[in-house]
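For reference, the structures are reproduced in the following blocks.
Next come two complexes built around chain A: one with chain B, the other with chain C.
For the complex of A and B:
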């Protein structure tokens, strides 16, 4: 897809989803749609570090929680509009990601993963013991019932997440095709060879983790307004981590399309099964799909399609 | 000497109690072809790693082209013009052959302060040139996994050359290759000398080392035991005893 075509398609997708949402009167659709879009942002953000640079981040829940709780703090102090909260959540989360990266990006493989998981648990413990944001009791957020021009608040939140998803996907695609993305691919394939080819590996990894974690924080920032009651256990839910890793792996990590396909597919199945079968089934579905994926499509759905195409192209 | 491209002074490296390199002195002039031999475990690879910045030396100094390299990250040394290839080829497996060459062009050539920035078209032209030099034009758009062993070595060399080095360290670029393949790589390395690129060749294949080198250095147990004319060095009794066998 050319760059012009990508922007046209993205804008069209946003407008079509927005127009279609005008026709929907059932609020539940927006609640479910918000979650799906939130996962598009999270999976896309995760893939910038995990897919492009090959560093598996187990700290998604930590960064969602940081974004959410930076909103809680700002809400209590000033109460700015959602776009400002998203921006601040992204900056705080990105900065903490940068700090974590500086400490942990010299580690490789499982050691990096363990360090990120530990970070998420440390932040959760800190927030649980911070009385100003409600501690373990949690905190209530009173949100306005309506937003001018848009209607109900959930419609507004859905729209905000829709735009954020478009921004995240555009950012991932831009990185993928840039010189920066080339450097990340070199790091993923062989870090030592990348370094002696002139790639400043540490600096590139730090930029990638900042962008990745920043976007995760942005996805988490509207969460308190979405749930209206937030406690550390739900903000730092490890389900975010599991889902966010599973989605790019199922969709395919090599390009920006993979996480989008994985997030929309998996999150939709989860939302539908929550209301039709049982909410406890969610992670079981993720596990089963991940297993199937490992066996049938080790490079994700995108890898499967590309492999078929390549074989067809070679005529065999 | 002022006109030395690389000058290593009393370089030392230890791993715990094991002394891997013990006071190594070494110089390489611009455009010189230097052979480096030694038995397995004599410190050749450690020396390469200390020169290229993959490892930090514990003592001594490394100067390259007027710069003190101590403590400098590997990517900065490459940008200064000190490139290396790996003993076991380390291609970027998710990139095509031609894309492999783009990495050093983007990150080394285009990141050099003061040097003219190559536009996209010039980068493409440079890639084709390098592929022609090593004879991989036909494989430009293939993945590294499709390459044969010798093609993989050639890719490894081409990627090191893409960084426009003044000195190339070729770490066992010919190990495991057939006779004619060795000649093939040797001819390629000779052509680099003609272009004014200094080469340090680390190799066990004596025939290749002798015909290639203008000067031969022998390492044994972390020490330099000989340095001079290749034919004289291989007749040195100490070298014969330690490396070649009587």
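For the complex of A and C:
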């Protein structure tokens, strides 16, 4: 797909989804659609570091929570509109990601992975003990019932997340095809060789983690307005981490299409099964899917299909 | 802030006891991550599993939690063996790095936690034992038996493991595989065989560590998360794979956490471990005892 075609297609997709949503009268569709789009952003963001550079981030829940709680703080202090909140959530989250990366990305990937997981849990503990944002009791956010020109507030949030998803996918695609993206791919394939060939590996990794974590924070920023009652256990839910690793792995990590396919597929299945089966069982299914994917097809379903085709081609 | 001497002394003593317990929690990861380079972030989840088996045996049959830990130890060994087989076939044999293996263990951690929540719910569970409650008093220092017993169990466990690794053939083989698996292969030993034993052993320690945990505090399924940062900090600070270094690091963490909890409130103690971890990674990635 050419660049022009991609932009046309993305804009068309946003407009079509938006137009279609005007015809829907059932609010539940927006609630479910918001979650699916949120996972498109998260999976795409994760893939910028995890898929392109090969550094697995286990801190998604932490960055989502940081974005959400920066919104809570701002909401209590000033109460700015959602786009500002998203921007601030992204900056705070990206800055923390950058700091984490600076300390751990110089070491082996395993250290980075474990440190991100530990970070997510520690931030949750700190927020739980922070009374200003409600502590473990949680916090209520009162949102307006309607937004002018758009309608119900949930429809507005859906629209915001739709635009954010388009931005994230466009960013991922741009990175993938830039010199920056080639540098990340070189790091993934052989970091030492990349370093020797003059790729500034640490700098590229730091840019990637800032963008990736920033987008995660942006996805988390509208969360308090979506749930209207936020507590640390739900903002820092480890399910975010499991889902955002599982989705790109299922869809394929090599290009921007994989996380989008994985996120839309898995999140839709989850939305349906949460209603029809149960939400705890549903998390178990994600865990099992993740495990199967990692063991059987570490390059995702796209990678599995490609590998099969390549092998078949070689044989014949 | 006024620092009174007996408060400080009590904080240090309870920190030592806490550190002893942290050593039991970390020893499994010191073997799997430190010696075998297997990033088993699910280790705390196995510890919680150990706590719950101790809880069931204590609740249903009235077995002492420590004894319960020893009873289920062989089963944990077998569980570890099974997990290592999958890990080996899926990652090590394909030559995948330890990194994608982390995602595998994250999946196990997640499944274990969600599974325990489905079975037991999110309630806190606790055990009954005669040593939960009373304390020894030495002058103005209090020694709660609830902390002392796990600390002693931990020290015995680590002593036995140290003897095993330094004195027996298979123990030395484990040491060898951590230093140079290729050379071991040239000596006619299959590294995967040795790693199988070592990894199973590391999971087996989780049974006892779980018993210790549920003696110290009530346990719920997602409690294990709090220990991921601590365990990792202790293992890295201890210089990866050195049991004595790990013990010193665990004691240091216990003491600092206990002092922080005494003077600034217990809510900050998880941040202490994380701060330790980041500082170690930033300045001494080879550990405080590292070469």
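Quick note on the criterion: the second predicted complex is superposed on the first by the 290 of 316 C-alpha atoms of A that agree within 3 Å, B and C clash if a C-alpha of one lies under 4 Å from a C-alpha of the other, contacts with A are read in each partner's own complex, and residues count from 1 in each chain.
Simple rule for what comes next: a contact is a pair of C-beta atoms (placed from the backbone, for glycine too) under 8 Å apart; a residue touches a chain by one contact, two chains touch by 3 or more.
Bear in mind that the values here come from a model prediction, so they are computed numbers and not experimental data.
Student: Is A:254 touching the first partner chain B, the second partner chain C, both, or neither of them?
Tutor: first
Student: First (chain B), second (chain C), both or neither: which does A:2 touch?
Tutor: neither
Student: In the superposed arrangement, does chain B or chain C reach more residues of chain A?
Tutor: After superposition, C is the partner touching more of chain A.
Student: In the superposed arrangement, which partner chain does A:200 touch: chain B (first), chain C (second), both, or neither?
Tutor: first
Student: Figure out whether A:183 sits in contact with chain B (first) or chain C (second), or with both, or with neither.
Tutor: In the superposition, A:183 contacts chain B only.
Student: Of the two partner chains, chain B (first) and chain C (second), which one does A:107 touch, if any: first, second, both, or neither?
Tutor: second
Student: In the superposed arrangement, which partner chain does A:192 touch: chain B (first), chain C (second), both, or neither?
Tutor: A:192: touches chain B, not chain C.
Student: Any idea which chain B residues touch chain A in the complex?
Tutor: Going through chain B, the ones touching chain A are 52-54, 73-75, 78-79, 83-84, 86, 90-95, 99, 102-104, 106-109, 111, 159-160, 162-163.
Student: Spell out the part of chain A that touches chain C in their complex, as residue ranges.
Tutor: Listed in rising order, the residues of chain A that touch chain C are 54-56, 58, 103-104, 107, 109-111, 113-115, 117-119, 121-122, 125-126, 128-129, 238, 241-242, 245, 249, 280-281, 283-284, 286-288, 290-291, 294-296, 298.
Student: If we count contacts the way the header does, which residues on chain C are in touch with chain A in the complex?
Tutor: Spelled out, the residues of chain C in touch with chain A are 33, 37, 39, 41, 86, 90, 96-100, 102-104, 106-108, 110-111, 113-115, 117-118, 222, 225-226, 228-229, 232-233, 236, 267-268, 270-271, 273-274, 277-278, 281-282, 285.
Student: Help me check something: in the complex, which residues belonging to chain A touch chain B?
Tutor: 179, 182-183, 185-186, 188-190, 192-202, 254
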